[in-house]
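In what follows, a structure is listed as structure tokens, so that the remarks can point back to it.
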Amino acid sequence: MALAAAGLLLFLLPLAGLIARAPWNQVGTELVATETATALGLSLFCSLTATAVALVLGIPLALVLSRTTGTLRGVLRALTTLPMVLPPVVGGVALLLAFGRSGLIGSPLHQLFGLQIPFTTTAAVIAETFVAMPFLVIAVEGGLRSLDSRYEESARALGANSWKVFARVTLPLLRPAIFSGAVLCWARALGEFGATITFAGNLPGRTQTIPLAVYVALETRPDGAIVLSLILLAVSLAILIGLRDRWLGAP
Amino acid sequence: MSLHAVIEVERGGFSLDIDLTVEAGETVAVLGPNGAGKTTLLRALAGLVPIAGRVELDGDVLDDSAVGRHVPTEERRVGIVFQDHVLFPHMTVLENVAFGLKRDRSRVARGWLDRSGLGDKAGVMPGELSGGQAQRVALLRTLVTEPRLLLLDEPLAALDVSVRAEVRRELSRQLAGFTGIRILVTHDPLEAIALADRLVVLEQGKVVQTGLPSEVTARPRSRFVADLAGVNLLRGTGKDDHIELDGGEVLAAPESGEGDVFAVIHPRAVALYLARPEGTPRNVWRARAEDLDLRGERVRVRLSGPVPLVAEVTPSAVRDLRLDAGAEVWVAVKATEISVYPA
Amino acid sequence: MIRRVLALGAFVFVTSCGGSGDGPAPASLTVFAAASLQPAFEKIGKDLQSKDSLHVTYNYAGTQTLTSQLTQGAQGDVFASADTAHMTTVVEAGLIEGTPKVFAHNRLEIAVAKGNPKGIHSLADLARSGLVVVLADPSVPAGKYAQQALAKAGVSVRPASLELQVTAVLTKVSLGEADAGIVYVSDVRTSGKVDGVAIPDPYNVVADYPIAILKHAQDSNAAFAFEALVLSPTGQSILVAEGFEGA
């Protein structure tokens, strides 16, 4: 109990610090400031897009992971969880070396199509997806492994082909796992800083998400940074609570 | 329409090796102790487990490892009903029943539900059904797809004893209207006898006995079946008018034939006495009552001694004989009460 | 950039363990230094280590980051800033012992890829369309200076990114992700992976680098020794060798 209380305090105290230090008279001005709206909008766009991309790529990845065994599985698992242990800044450098103008993939893209990924909103989305997708994959894979295989077997025996089994049985049964994975993924993407600043850079309206805006503001106008953080916090809480009701009905 | 299956499955030290033929319209009950391979057999027939061998249903070759043929489960038209219904929890009863239908799904499914007296449950989620209702829906869900082969994996085992009889009746009614082949896995002899035309007894991955329920229970060929039928099974060598049991004892029995034989003694034919009985019975020995078990109107007494047997007596006999665990008694078995048949 | 993260980690470790030793441990010093000073200060640190067996731990970051760390209560002995404005903030926070002394100057230069493949020869060229230009954020001294220089030249640039450290600008150019960036002459000199395009004096901005002893220095003697070395002919020649101008 005491340890649980200590754990909770570790979360609550910094939050209390933010709220105690918050210049409440500035909240209004900060809220209507175009920079805030721009950064907040960009943050929501990037994090939600990253979550959508993670869903599209991550669920099939989790399926493959849950169906492999042995050494291959170990290797695949390690690869997918790598971004979780890699310092995000290193992740950003790695992304530059892969998708940058002179990177592995980026170089041909640039030469053939004149595409440049770094310093674009796409880069911010890629950075967030890179860092956040493992949370979704791990959650969905866990859900798949604990799924009673007889549901899928029953569906097959009733004449459903692989696609119908997946769409009508597997996917709906995985919904709680997908939901919690997507929430974790989205939260991680929303707070992403290191990989974004390294890979996507920092430009208001294009790649400056709220965490970057907070970092810049912290050094020039700390009060504004605190207000920005609180806004981010409030928006995430509102979305989490709203989604919970919509997706899971009564908890 | 008939099924012919030669199936070999090898998996982690366990092996299933079966040759099974089932005729059109027949219900076969596969009986066997836990781990005998009953469920593996069903899964193999459903195409859910890779096999070596050949499975032919209604002239269609579903599996033939010799030519690398394997028809996937979804194309076999083989229905499988699991022990605990496995209804899709995110769909209503109607959606569950309609799942395997191709056209006019809702109307057809509703028709089946209505005919089974489950029409009022159409909009209900499976979680709100009782165990018996859920199992009936699960059976319907499979029957609407008109499978050629229906596989039932212990369909009543997960149900409360109180509803089992009702669901068994329903099951029996549904099966009667079903024209395909039915294979029922169970470890409940009552279920097997009530629902099946023929029993197949499986032990350690092999068929040890097959036949009509009455034949199988009358002439058990394994300890498992003898226990199911509630009879004593002994094995020995027939010597015309007596049997030399594997334990070394000699049992008088007429027409024992020659060679390896089974001998079945019904527990009611095992008579118990306080003093050595006089008269005709030639099979008399002293034994010890190990434990007593009240079964309805009778008491089953497990005896140790030269020939370990179970006797069935009336409660008043227990009183008269002052029987209790550890009591010494005389045992007599009339030679004519012993049924002997070749092993 | 990785090294900088590690350095920061080491800094946190050193300062958090710093208070426990009461014995005559080897003298140790924590210096908060602007990121652009890293190559020069590494050499000065080595010099100090070999002469006075004084061990120096550096916390390199953008000056604006160091300033906010210090005003939030970070423990250090010496602060070397890339501009006077942030030094003033720290002085006004009452964290400085004595007065800051300017120990070096730095000028701006345009960093371009080796061989200058895009043919960039002036600030005006940075306004060319299709060119990826990266600047430091205006909250960073180098970014503020870059804006001043561009304003003086009457050039309007649409940067692809406003990096949070001048060294990050250099990284983007050296990795080939940006075609040009405005950095310090010293950065171009020490990087070795980029070429510099000079900015004429009328447009250029001279950055003043002030150094000061922090009030709560754990070992003010060592702090003074470090400051003295930076201002000495030895320190000055090291700075000049790394592309700075002497005080």
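In order of appearance the chains are A, B and C, and numbering begins at 1 in each one.
One rule holds for everything that comes next: a residue touches a chain if its C-beta (ideal position, glycine included) is under 8 Å from a C-beta of that chain, and two chains touch if they have at least 3 such contacts.
Quantities reported herein were computed from a predicted structural model and do not represent experimental measurements.
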item	value
Overall pattern in which the protein chains touch one another (line/ring/star/complete/other)	line
Chain closest to the middle, measuring from C-alpha centroids that were averaged per chain	A
Taking each chain's C-alpha mean as its centre, the one farthest from chain C	B
Chains most often in contact, by C-beta pairs	A-C
Cα-centroid distance, chain A relative to chain C, in whole angstrom	34
Between chain C and chain B, distance of the C-alpha-averaged centres to the nearest whole Å	85
CA centroid of chain A to CA centroid of chain B, Å	54
Shared-contact residues (touching 2 or more other chains) in chain B	none
Set of chain A residues in contact with two or more other chains	none
Where chain C touches two or more other chains, by residue	none
List of chain A residues in touch with chain B within their complex	148, 150-151, 153-161, 168-169, 172-173, 175
Residues of chain B that touch chain A when the two form their complex	43, 46, 48, 72-80, 82, 86, 88-90, 99-100, 102, 141-142, 145, 147
Contact set on chain A toward chain C in their complex	87, 89-90, 93, 96-97, 100-102, 116, 118-119, 197-198, 200-204, 207-208, 215-216, 218-220, 222
Touching residues (chain side chain C, partner chain A) in the complex	1-2, 5, 62, 64-65, 67-68, 132, 134, 137, 139, 159-164, 168, 172, 175-178
